[in-house]
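In what comes next, chain A is part of two complexes: it sits with chain B in the first one and with chain C in the second one.
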Partner chain A sequence: MKDLFIDFFSSLKLTVLCLALLMVLIFWGTLYQVEHGIWQAQQVFFRSWFIRFGFLPIFPGGKLVMSVLFVNMLVSLLFRMEVSFRKAGLVLTHLGLMLLLAGGWVTYRFGQESFLSLVEGEGSNVSQSYRDWELSLWTDPSPPFRVIAYDTDGLRPGRSWRVPELALELEVETYYPNSVPLGPVQAADNAQPPLNASGIHALQPARTRPQPEEHMPGLIVRARRGRDEHRVLLFGGEAAPTRIEDNVGTVFMALRRKRYPLPITVTLHQFNREYYPGSDIPRSFSSLIEVDNRGLQRMALIAMNQPFRFRDFTFYQASFANLQDGSEMSTFAVTRNVGRILPYVATAMTVIGLILHFLVELVRRRPVPHAQPETAGASS
Partner chain B sequence: MNKQGIWKWVLLGLAILLIGAARECFHRRGRVDRTDLRRLGPAPRLDEFKRLPILFNGRKMPMDSYASNVLLQLSGRRTLNRRPAVEWLAWMFFNPEHAEALPVFLIEHPDTMQALGLEAHDRGRFSFEQLVPSLEALAQQAVQANQLEVEARGPVERELLRLYENVSYYLELYHTLDFARPNPDFAVHDPEVRQRLGLAEDQQEIRFLDIFFGAGGLREYVEGLDQIEPAAWTPQQQEAFRVSSALFGHVRRFSRLRVTLLPVDPHGQEVWMAPWDLLRIGITDTGMANALRRLGDMQQAWTAVDQKAFNEAARAYDEILKSRLFTDRAMARMDLEVRYNRLRLFSRASTAYTLAFFFAFAFFITGKPFAFRAGVVLVLLGLLPHISGMAMRMMIMGRPPVTNLYSTFLFVGCLVAIFGLLLEAMQRNGLGLLASSFGGLAMLFLANRFFSDGDTMGKLVAVLNSNFWLSTHVLAITTGYAGVVFAGLLGHVYLLQAIFGPGNRDRLSAIYRALFGMLGFGLIFSFLGTMLGGVWADQSWGRFWGWDPKENGALLIVLWCALLFHARIAGLIRNLGMAAGSVIGVVFVLMAWLGVNLLGVGLHSYGFITGLGGLFFATVAAELLFVGVATPLAARNLIEAPDNE
Partner chain C sequence: MVFRYGVTGSTLILTMLLAACSRAPERRQYEEVMVRVAPPQQTPQPAPGAAPGTPRPGPTVADTPAAVGPVSAVAADSAMLGDVPGAAVSLAWTTPQGWREQPASGVRLATFYAGPDDKLAECTITAFPGDVGGTEANLRRWVGQLNRSVPAPAVFQAFLDGATPLRTEGGLQGALYDFADLLPDLAAGDMSMLAGVLRHGNSTVFIKMMGARSTLEQERARFEALCRSIRSTATEAGGA
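Moving on to the complex of A and B:
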């Protein structure tokens, strides 16, 4: 049984199969992007165990293929590959590749991508998610904010739960991952409109889009406190929270992009952009920021190809916008990745291993015998 | 061949030469033909003019390059009637009225011609004169096409928009030096006013420039005119009023032209302006005023066909601009770029590679040492201009050798040629020469045919603006392409050898060893390049890998090479399989290299790369077909051949 396992997982044929499957996945996944966007392609092809047609798995997904490849390399290294000076390069190469796959997994599992948009002069110590949303509740609108937040992933019609801190009971009536707000004229039924800060009367579900960043979720929730019941409508695109007032007190509610706390406060001092003279070809973008680490302040510059790093957080210049009042807004991509260094090490190991092997075989300079496939290697 | 035979050929050659010379004389001396640049009439030579700087698409370039980029944008070609574009540009600057009948507007689609009511003709190039009656229709339809969403525009709409843009640019070019050309609007007859303006007695043709620099003299006539009834104006006042209105009218009419000739402030922000805008804001600096005067001098000398005066004015103009930009190395690169344009190094390299290929083929077949030597010398003769050309580009741009798609082909071609020579040094069997000359030639052909759209030395957008990554990631990945392409070439040779000469075991195994090594080399650099791409992405976007099409393309090459090696070691395929596989490798290289650009909306701005998609799919289909047919044939012949594996 054990031998069978080892034979199977150390088989070169399995390697060839996995490489071929991965190539098919990549090819298919690249074409898929044209229609469905890159995020969807990543989900369907590379971050899945299986590609499904409806519920039916029809093709192994990237996660499965790469996991098998990893096990394949591990088992081969342990039980099959010859460890000698001649093969040192190959061993190093495969160790590097395993590290590369492991690094990919760490990033996928623990990495966190968010963004931070700042107008000149503005500062913040939270970044926002591109795709995840939260239902947030608070009572006191003055700093320091204390917010209770729930991921929107779990919101299903009919679901209810208690918020003991606010003596509140919430029940979801409707939740749309992407929606369009309707005003009093467009909303068909003229029943009592729900409570809403922006004058929205109803929500209409919208098709999900290839770029989930563009989604604007909508939620109608019943909030019960004591004998009072409020029907509250929240929409992702709203600027102001909706305020509930009753004899127990005030509660603010909002549906907003999920917030991630940052270990520092970042303030944008100045945004600069340069064009090649007489053209609209951008030469460079950069943002001068002030970083406040618990009272310790310093300046830093974020530019194209020149991110700012703090512990496992990295801030990149992502985009910018001109606001109507003439001020400039700079957007940073903020990533948190504990495994950042892994692919660098892995790449170095693999390349050194490959070059070593190439040179060793070049020096041996022996024609490849056909009868002994194991000794086949690069020779000139 | 006997002696008589040789004489016959010599005589025929002489006759052809004579006819050519006569034709040339006819072109130069013959009647003026306004539709042919060669017969527009006498004009000064442009050696000084073509090195003058101009700013175009964010890059300072000599007039020579500017002209060829603009002409390419308009007509899809870099020359007009087989004359350099700069000759056309000089006409556009100094005497555009006379150049209106030159066919410079490309219209490809017959429907576009119909939509504009143009009589279709096969060459597809129209002159401004021919377009004039259709300009109104063009403007109307272009506005409509512009209102359509980008996806909804068909080829005709796109062409209408492009044509509209081209005509607009043509008109801007047309009027850029209007101020330096005589204009009846500025004719002044009153001797007193003429004197005030500082006009010479015998000067008949008056230009905007003459009035502009003497305009102080008009002030006393024009001041306070609004207090007086027009009927009571003196003739001098009338004349002064008419001329100064014309002055303002011109300045207003020609503001914001895009032909930016003059650097206004070299300190701090560098701003280049069109001459009319400089005139509009009022010139406070004498340097630029002199530059405008020199443009005027050039125009006069051009019209008078006075070569000496023309060159002097051009040199003086150049001196003024140089003094403005003395810190800027780009100015020193102007001459270099003119030389680069003139030498046409890559076309010389192509010629040498073509000849080398014939000799290499001859040697491969016959084994004559003479052919071998000729082949080696010719590949070296090809590499010389090839490498010099890339070196000149690097000096002009101040960049590593690869900055855009065009230069990847130059670079890969160069590497393939070098790899071939190295292989030849090791094996001495003609194989390296064959791959070397063919690869070099094919890459230069592709670069020239499909990727020299617009400025091949254009500026790089912000994310690419990093010499470090350009010289590591980009060079590594293109070296990887070169390795895999070279292995692919050897794969072709192996399959053909197996079909037509399966008995020659030595040669087959030599080809195989070279192929195996090259594929390994390609794998290493493709992997390195791909991962360095990840490192760059991590540095600039914050993620190492995102399954983006370009990344995927590169990864496919790596995976394919890895798959071949593993399959070979596992015994799933043999030498023949490796050869067939490396031919398929070329397909993956093509996908990574170009497929990504075909997948999206397209990389090119002018729409002249027609046929790239066709070429891509034809090549892929041809390679697959080749493998599909050649592999079974080769396998059969290898089995049947005596003394085989």
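Moving on to the complex of A and C:
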């Protein structure tokens, strides 16, 4: 049984099969993303065990193929590869490739992609998710806000929980991942509209879209404090939080894009842009920022192809907008990748391993000079 | 044997389901800091029509805990596009006779109610920087707000081409769209929409009226009058 396992997983045929499947996945995924976008293509082709047609798995997904490839290399390294100086290059190359796959998993599992939009003169220490949402609660009327947040992934009708700090008990009545807000005119039942800061009276579920960043979730929650009960409606597109005021105190509630705390506070001082002469096409744009790291300040410039890095975080200049009041807003794509160094190390290991293997083989296969036959003198 | 596995499996599944029902969503706690320093250039003062306490424009408005204040459902809906609400647009208009005007709130420059109480129609004026995704994309989205599917491309194109051109007193240009033309099967009590889309410098002004088709038919002339009365207050003091 053990031999069967080793034979199967250390097979070179399996390696070739995995590489061929990856090739198909990349090709198919590239075509798919034209219509459905990069995120959807990643989910369907590379972050799945199987590609499904409805419920039916029709093709191995990237997660399965890469996992098998990793096991394939590990098993062949442990059971098939000869441990000797002659094979040191190959061992190193295998380790490098395994580290590359492991780095991909670390990025997939622990990586964060978010954005930070700042108007000139404004600073923040949190970035926002493109796709995930949170139910935020806070009591502070002015910054800094101590926010208690719950991921909306866990919201289901009927689910209830306590927020002890706020003496609050919450119970989800309705949650729609994508919804349309209805005003007093459109809402069918206006008898007792829920508490809402924006005048929304009801929510209507909307079809989920292939690009989840287009979703606007909606939530109706019952908030109990002491003897008071409030029916609160929150919508993802609202400009203001809903405020609950009762005998216990004030609580602000909002359904908003999930926040990721940053280890620094980034303040946008100036945004600059240049256009190609006589056109509206931007040639370059850059943002002058101040970075506050626990009281230590420094200035930095983020430009196109010139990101700012801080520990595991990278800030890229993503876009900008001109506001109505004449001020300018800059948006940074913020990525956090704890394993960002792994691909560099893996690539270096692979290259060094291949060079080492090449040199060893070069020396080993160097032709031995043959002895010259002494025929010249004899013939003359 | 089969019975024992069945009971064990069912118990496990039930326990998991019960645990899932009572479990609170994943909780996080963090401190959010907001910094305001003097920008490099003086920010212009808000327009006379801007509501007190109007949040500063920008997509982070929708996400700013401090931005406490009312905002409309229509404005919130507009944020679905991820666009930047333009709170400080300088516009003025003449309120049609018989319409009830509400104070400006959030990014709504104005809200009006018109028609009989049992078939009240709501009209809003909003403005956003840029083209907000384009008129066609917005019109398609608004069809969805009426719980209808977007008709065939040829029909939709005819609807776009058949729009009533608009030129306002203030020289703003655009078009007026009556969704009853696009969706002829709407009954008198069904929800319909009148929409005016105007260009104002680098911004787009939306005048949207939603209500029963019969109400909108009655109010269409006043709606058109409202659209045509819109003007910039850059040359006129006062406002909405």
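Going forward, the second predicted complex is superposed on the first by the 325 of 380 C-alpha atoms of A that agree within 3 Å, B and C clash if a C-alpha of one lies under 4 Å from a C-alpha of the other, contacts with A are read in each partner's own complex, and residues count from 1 in each chain.
Everything that follows uses one rule, which is that a contact is a pair of C-beta atoms (placed from the backbone, for glycine too) under 8 Å apart; a residue touches a chain by one contact, two chains touch by 3 or more.
This one's a predicted model, so the numbers in the text were calculated from it and none came from an experiment.
Undergrad: Applying the document's definition of touch, where does A:P277 land relative to chain B and chain C: first, second, both, or neither?
TA: first
Undergrad: Between chain B (first) and chain C (second), which does A:P343 come into contact with in this model arrangement: first, second, both, or neither?
TA: first
Undergrad: A:V180 in the overlay: touching chain B, chain C, both, or neither? Say first, second, both or neither.
TA: The second partner, chain C, only.
Undergrad: Is A:A223 touching anything from chain B or chain C once the two structures are fitted on A? First, second, both or neither.
TA: So A:A223 meets neither chain B nor chain C here.
Undergrad: Output check: A:I51 vs chain B and chain C. Expected answer is one of first, second, both, neither. What do you get?
TA: In the superposition, A:I51 touches no partner, neither chain B nor chain C.
Undergrad: Give every residue of chain A touching chain C within the complex, in rising order.
TA: That would be residues 117-126, 128, 134-136, 138, 140-156, 158-159, 161-162, 180-186, 197-201, 204, 206, 213-214, 216, 235, 237-241, 243, 252, 254, 256-257, 259, 261, 265, 267, 269-270, 292, 321-327, 329 of chain A.
Undergrad: Mind pulling up the chain C residues that touch chain A in the complex?
TA: Chain C reaches chain A through residues 21-41, 43-44, 46, 55-63, 65-80, 82, 84-89, 105-107, 120-122, 127, 129-130, 144-145, 147, 191, 202-203, 210-211.
Undergrad: Which residues of chain A touch chain B in the complex?
TA: 11-13, 15-16, 19-20, 22-23, 26-27, 29-31, 33-34, 38, 41-42, 45-46, 103-104, 107, 113, 275-279, 281-285, 304-307, 314, 316, 318, 333-335, 340, 343-344, 347, 350-351, 354-355, 358, 361-362, 367-368, 370, 373-374, 376, 378-380
Undergrad: Which bits of chain B are touching chain A when the two form their complex?
TA: Within the complex, chain B contacts chain A at residues 55, 57-59, 260, 269-272, 426, 458-459, 461-463, 465-466, 469, 509, 512-514, 516-517, 520-521, 523-524, 527-528, 531-532, 534-536, 538-549, 552-553, 555-556, 559-560, 562-563, 566-572, 574-575, 599-600, 645.
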